[in-house]
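What follows is a set of structures to go through.
Shared between the two complexes below is chain A, which has chain B as its partner in the first and chain C in the second.
Coming up: the complex of A and B.
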């Protein structure tokens, strides 16, 4: 009968003598060379967390009545919020381009009996989804349809 | 706690991955219109008047989209912030920071469900 292994099950009972150097951060970390894009990608986490809570506030206000909802629309007009959303838009586009860039490379050679489509096809599908949903959502929110 | 985090890792990675993929796909249109176009007057504010926002938000598809717009970015944000902390030398405090960040995302997710039911 199997049971869960302890996360430190393979750790030595006491620290042993070792000739390996302690781990060190690379010279160019965090903003030099290829680490810049890596660090910026991680930092977009702050934007996403804030955006998630801003949408939550907006939806909560929508359930609280007309005055609360109008308060959200009024608050969004302040330069602070417009500036934040401009930065957030850049961040969201950066995440999309970077993630969609490495998504096709992360596919396994086979998924069961099926081979994934060629990388350019996966990339085209991802961009079509992104542009399509963005266009549709923008038109709906802007009052173009419905 | 370390054990629990390892057990929850597949679920956290699922929400994190969907936060990047679907979160990005959904957030672009939202930020573009609600965050920029309406406040800057490019789109008239009537487009999201209370009555119209209620109509869109109370539809079943609208509710699902709003839930995705809140929950997925929260988990993407929490997991990426954990990694920022780890990369900047916070590995020893990970057992404290990771649960706090995930608790934040989980609380936001529960509040999102409540907010969407309230519409």
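Coming up: the complex of A and C.
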């Protein structure tokens, strides 16, 4: 046992008559063994925060004139920016795969008379949707449609 | 006891509330048999080496849920874990995330309060008269909640859950799974009452879907599935309540 958990974790509302030792965190939490994937999953939130900030900066520059917008385009070509997006891409794929893995079992047994499809079908639909949206956006960004 | 018999060292967490400031470790080297479970080794220590060692156990067949402990850092039912899968040294401690009463015994009253708060029993708007006969349930209706009814309240899921460790109000995996089991039971009419609890502070939306509860569950209950299904039902119930006032469908 290593570090203490929250001192009131799983404590009864009224303390018992016997003095108790404080609750301990699992040894492996947060970066060891089974907890690593969960912690990394949560840490990807930092990537989304930064990405959101960059998008806001880009939108702001749109209203600040052509020079500002050209500055954004120039910044997008820097290796630092490309590297950050490569890491963000890995993060998004990791989150997607983990989320898709959990998604089927989070479905209710039925909604009224309708039952959700089997797990493999749900997974296939999720991946098809993901690949479809990615392909569509890629074509749009490449100037293939608009 | 022959010299050729295999021995293992057990590093056991000890805590005497009358004497110890904090939990400490104590080692026991004992002879073991190939077919032993971890609980058998603890019983040997208790019976032959140190009678002061305290821990809970009862059925020895993974049904009562009493003997949950941390074995080499993982929440496990000690009566179910074969000793042969571990090395020469086995670390045994009380379940993580729980206050410790003594040695390997954790304070379970907090869990019992959470479990009771989700009303884990069948609620009927009007009691059924005996003359009306038993309530019928089809195999398909039973199948919907059967998995969640297998929970033995061993609390291993609480020991693995990172939210339980940091948010004392959280109802936790087992309590929500058992509450959800009753809410989706075709004989039950108390889902709305439980959804109030599920939507409240420390309810289902505190769950961050770490899935660790399901990873360690010894009965394959999959509490993470129950919690996230309960989230869906709680939202539907809330949204329905905006359109249909309570009792409007009667």
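Everything that follows uses one rule, which is that the second predicted complex is superposed on the first by the 125 of 146 C-alpha atoms of A that agree within 3 Å, B and C clash if a C-alpha of one lies under 4 Å from a C-alpha of the other, contacts with A are read in each partner's own complex, and residues count from 1 in each chain.
Definition applied: a residue touches a chain if its C-beta (ideal position, glycine included) is under 8 Å from a C-beta of that chain, and two chains touch if they have at least 3 such contacts.
What you see is a predicted model; the values in this text were computed from it and never measured.
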item	value
Chain B versus chain C as contact partner of A:106, first or second or both or neither	second
Which of chain B and chain C A:114 touches, first, second, both or neither	neither
Partner, of chain C and chain B, that touches more residues belonging to chain A	B
Which of chain B and chain C A:20 touches, first, second, both or neither	second
Touching partner for A:145 - first (chain B), second (chain C), both, neither	neither
Touched partner set for A:80, first chain B, second chain C, both or neither	neither
Touching both chain C and chain B, counted on chain A across the two superposed complexes	6, 8, 25, 29-30, 42
Residue ranges of chain B touching chain A (in the complex, touch as defined)	2-3, 6-7, 19-21, 23-40, 43-48, 50, 52-57, 65-66, 69-74, 76-81, 83-84, 87-89, 104-105, 108, 111-112, 115-116, 118-119
Residues of chain A defined as touching chain C within the complex	1, 5-6, 8-13, 16, 18-30, 33-35, 38, 42, 102, 105-111
Residue numbers on chain C that touch chain A, as the complex places them	13, 15, 17, 20, 22-23, 70, 73, 75, 93-94, 96-102, 106-107, 109-113, 144-145, 158-160, 162, 164-168, 172, 184, 208-212, 215, 222, 224-225, 228-229, 231-233, 236
In the complex with chain B, residue positions of chain A that touch it	4, 6-8, 25, 29-30, 39, 41-53, 55-56, 58-60, 62-64, 66, 69-70, 73, 76-77, 81-82, 84-86, 88-89, 92-93, 95-96, 99, 103, 129-130, 133-138, 140-143, 146
